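Common to both upcoming complexes is chain A, partnered first by chain B, then by chain C.
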Partner chain A sequence: MDPHASRYAKQILFHGIGAEGQVRLGQASVLVAGCGALGTALVEGLVRAGVGRVRLVDRDFVDLSNLQRQVLFDEDDVARGLPKAVAAANKLGRINHEVTVEPLVTDIGPDNVLALFQGMDLVLDGLDNFETRFLLNDASLETGIPWIYAGCLGAHGQTMPVIPGQTACLRCLIESPPDPGTADTCDTAGIIQPILSAITALQLVNAFKLLVGRGDEIEPVLTLVDVWDNSHRKLRLGTAQERQSCPACGLGQRDWLKGERVARSSVLCGRNAVQISPAERLRLSLDDLATRLAPVGTVLQNAFLLRLEPTGTDYQITLFPDGRAIIKGTEDPVVARSVYARYVGA
Partner chain B sequence: MQIQVNGEAIEVEPGRSIAKLLVQLQKQARYLAVERNGLLVPRSRHGEVALVEGDAIEIVTLVGGG
Partner chain C sequence: MLFSVQLFARARDLAGAPVVELNLPVGATVADLRIELGRRCPDLAPLSPRLLVAVGQAYARDTDPLPAGGEIACFPPVSGG
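Let's turn to the complex of A and B:
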C-alpha cells in the first residue's frame, strides 16, 4: 500500500468516510479560529485526518498555564515564548506533512474576518471569547460559509453547527453575549481538559460530515455536555419560520461585522490578562522598541514578539508588531490601558 | 401548577407566559435561550407561549471559554 493510502487506511474503512470521502477531505480548506484548548484539539484532528489545507489563527503566545489542557504545546514552547499558531504549526508539520498549514498570528476583527474566511469550506470555533464568536456568526451568514460554535467552562461544554440558509444561527439561540463581568470565565470557574476532548470530538464529527458531502446527516441541535455529571443533552432549534425574527439570519443585521459591537480591549480567559488593540494595525519595529524599553525592565525578544517585565511591578507586557499588547497581571481593561499607555504609548 | 426549571420544581400561575416566567426568575431574555420540553422557544414567542402543568423548562446560557 502506498504511504498516503496507508496513513488513512483505518479512516477509509469507516463507512462514513470511505475512499471518496478521504479524497474530499484532502481537497477541503478549514479555518480554525483560535488555537487554545479547543483550537489545538480541533486542528490536530483535522491534520491527522488529512484535511487538505488548514488556516490557523491565534493572537496569543504559549504560557505555562496552557499546558494543563492545550494539546500540541510543551514546556519548550513556553520557554521560547512562541505564538500559539506558530508552535502548533511546528508540531502539525511533524504529524502530517501532506497538509498545508497556514499559521497566522493576529487578532480576528471586523477588518480581517472576511479575508480569513475567503477560500474556506468551513470555520471551526476554537475561541475563548463571546465577541469574536458573534463576529464569526456574522461573517458566516455574510459569506454562506458554515461554522461550528463551541464553548467550554468547568466541566460543561456546548456546540452547535451553523449552516447558513439551513440551520439556526448563534443569534437565533442567544440575542446578545453577556456583558463583561457578568459571566463566569475560565478564571472564575476553572476548566478541565476532558470537556474539551468531548466537545471538540463532536465538532470534528460534524466537520467530517460536512467536508465529505454528508452535511444532511448533521443534526441541527445545540448539544450540551457535562463530563463531571456525565450528562448529555440536545436542544432542538426550531423552524425556519421562527428564524425570520432573528436579528442576524432573519433580518440581516451584522452588528459585529460592522464593528458596532467590537471593543478594543478584551479579557483573556484563564490568563489574568487583558489584550489591548490599537484602532489601526501598526507595523512596529521590535528592535527599536527593545532598545527603547531596555532601561524600563527585563526585555525578552524573538522574531514574533517582545516581552517586557517592568522593574518593580507585577505586570508583564507582551507586544506584537501590529501594536497589540497582552497585559498580564490584571483583568481590568482600564488598568491594562493605563499600563499600555505608560510603557507602549497611546 | 408545578413546572420544572433546570431540573427544579417551581410553582407558577396556570397559563403564565415564558416572558413572565423570566421576569419572575429575574432573568434577562436577551442573554439566554429558553428550551421547553426539548425545543427552543424563539424570543419572539416568549410572550405568547403559555406554560402548562409539568412543562420542563431549561434556561440555557452560553459559555465563553475554550
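Let's turn to the complex of A and C:
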C-alpha cells in the first residue's frame, strides 16, 4: 500500500468516507476562523484527516493560560511568544506535511472577510466572540459558502451548521448578540476542555459530511451539550417560510459585513493605549460588571468608570457605562480588540 | 396557568435553581415568558431577552405560544471558544 493510502486507511474503511470521500477531502479547502480552543482542535482534525488546504486565521499570541485546553500549543510556544496561527502551523506541518496550511496572523473584519472566504469550500467557527461570528454569518450568506457555528462556556456548548439557502442562519437563532459587558466570556466564567472536544467533534463530523459530498446527511439542528450534566439536546429550527422574516437570510441585511455593527478602535498616541467603541452606545451596569470581573483581577470602580487590571497581565482596562473602553498596555488595535473580547465581551 | 421552565448553564447559575415555576395566562408567548423570568429572577433579567428558548424539541420564537404541559427549556447563547 502506498504511504498516502496507508495514512488514511482507517477512515477510508469507514463507510461514510471511503476511497472517493478521501479523494474529495484531499481536494477541499477549509477556512478555520480563530485558532484558540475550538480552532486548534478543528484544524488538527482537518489536517489529520487529509483535507487538502487549510487557511488558519487568528489575531492572538500563545499564552500560558491557553495550554489547559488549546491542544496544539506547548510551553515552548509560550516562551517564544509565537502567534497562535504560526505555532499551530508549525505543529500541523509535522503531523501531516501533505496538507497545505496557510497561517494568517490578522483580525477578521468587514474589510478582509470576503477575501478570506475566497476559494474556500467551508468555514469553521473557532472564534471567541459574537461580533466576528455575526460577520462570518453575513459573509457566508453573501458568498453561499457554508459555515459551522459553535460556542462554548463552562461545561456547556452549542453548534449549528449554516448552509445558505437550506438551513437556518445564526440570526434566525440569535437576532442580536448580547451587548458587550452583559454576557460571560471564558475569561470571566471559565471553561473546561472536555466541552471543546465534544463540540469540535460534532463540527468536524458535519465538515466531513459536507466535504465528501454527503451534505444531505447533515441534520439542520442546533445541538446543545453540557458535559457536566451529561445532557445532550437537538433543537429543530424554523421552516423556510419562517426564515423569510430573518433580517439576514430572509431579508438580506448584512449589518456586520457593512461594518454597521462592528466596534471601532482608535490608537491614543503617546499613551500606549487604544480606545474601543462599540457600534452602539450601551448602558452598562458597572456594579454588575464589577461583580463579574472581581475574580479576574484588581477592580477599581467609581460612579463614572470601572478599571480592571487582569492578574498576570500588563493591561489596564478602563470601561465606561456606554461600553467604551481604553485598553492601556498596547498600541496595537488588534491586541486591544482581543483584550476587550476576553474581559468585556464582543 | 403554571409553566415549569428548565434552566441550563449560566442561566441556571444566575437564577440559582435548575427549574423555575412561572404563572402565566393561557395563550402566553415566549416573549411573555422572558419578561416574567426576568421579574422572578432579577439576576437573570439582563440575559433573559437573549436566552435561547426551546419548547419540546423545537427552537421557539418570541411570538410562539407556550403549550400547556409542554417542556420549556432556556439556554444562554455562549460566545467562548
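Convention: the second predicted complex is superposed on the first by the 264 of 346 C-alpha atoms of A that agree within 3 Å, B and C clash if a C-alpha of one lies under 4 Å from a C-alpha of the other, contacts with A are read in each partner's own complex, and residues count from 1 in each chain.
To be clear about the criterion, a residue touches a chain if its C-beta (ideal position, glycine included) is under 8 Å from a C-beta of that chain, and two chains touch if they have at least 3 such contacts.
Being a predicted model, the structure only gives us computed values, none of them experimental.
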Fit-or-clash call for chain B and chain C when the two complexes are aligned on chain A: clash
Touched partner set for A:225, first chain B, second chain C, both or neither: neither
Which superposed partner A:270 touches (first chain B, second chain C, both, neither): first
Touched partner set for A:156, first chain B, second chain C, both or neither: both
Touching partner for A:202 - first (chain B), second (chain C), both, neither: neither
Touched partner set for A:288, first chain B, second chain C, both or neither: second
Touched partner set for A:210, first chain B, second chain C, both or neither: neither
Where chain A meets both chain C and chain B, residue numbers: 34, 36-39, 125-130, 133, 150-153, 156-158, 173-174, 176-178, 182-186, 189, 191, 196, 222, 224, 233-238, 242
Chain A residues touching chain C - in the complex, by the definition given at the top: 34, 36-39, 125-130, 133, 150-158, 173-174, 176-178, 182-186, 189, 191, 196, 222, 224, 226, 229, 231, 233-238, 242, 285, 288, 345-346
Residues of chain A defined as touching chain B within the complex: 34, 36-39, 125-130, 133, 150-153, 156-158, 168, 172-178, 182-186, 189, 191, 196, 222, 224, 233-238, 242-243, 245-246, 269-270
Residue ranges of chain B in contact with chain A within the complex: 29-33, 35, 38-45, 58, 60-66
Of chain C, residues touching chain A in the complex: 8-10, 46-47, 50, 52, 54, 57-59, 61, 73, 75-81
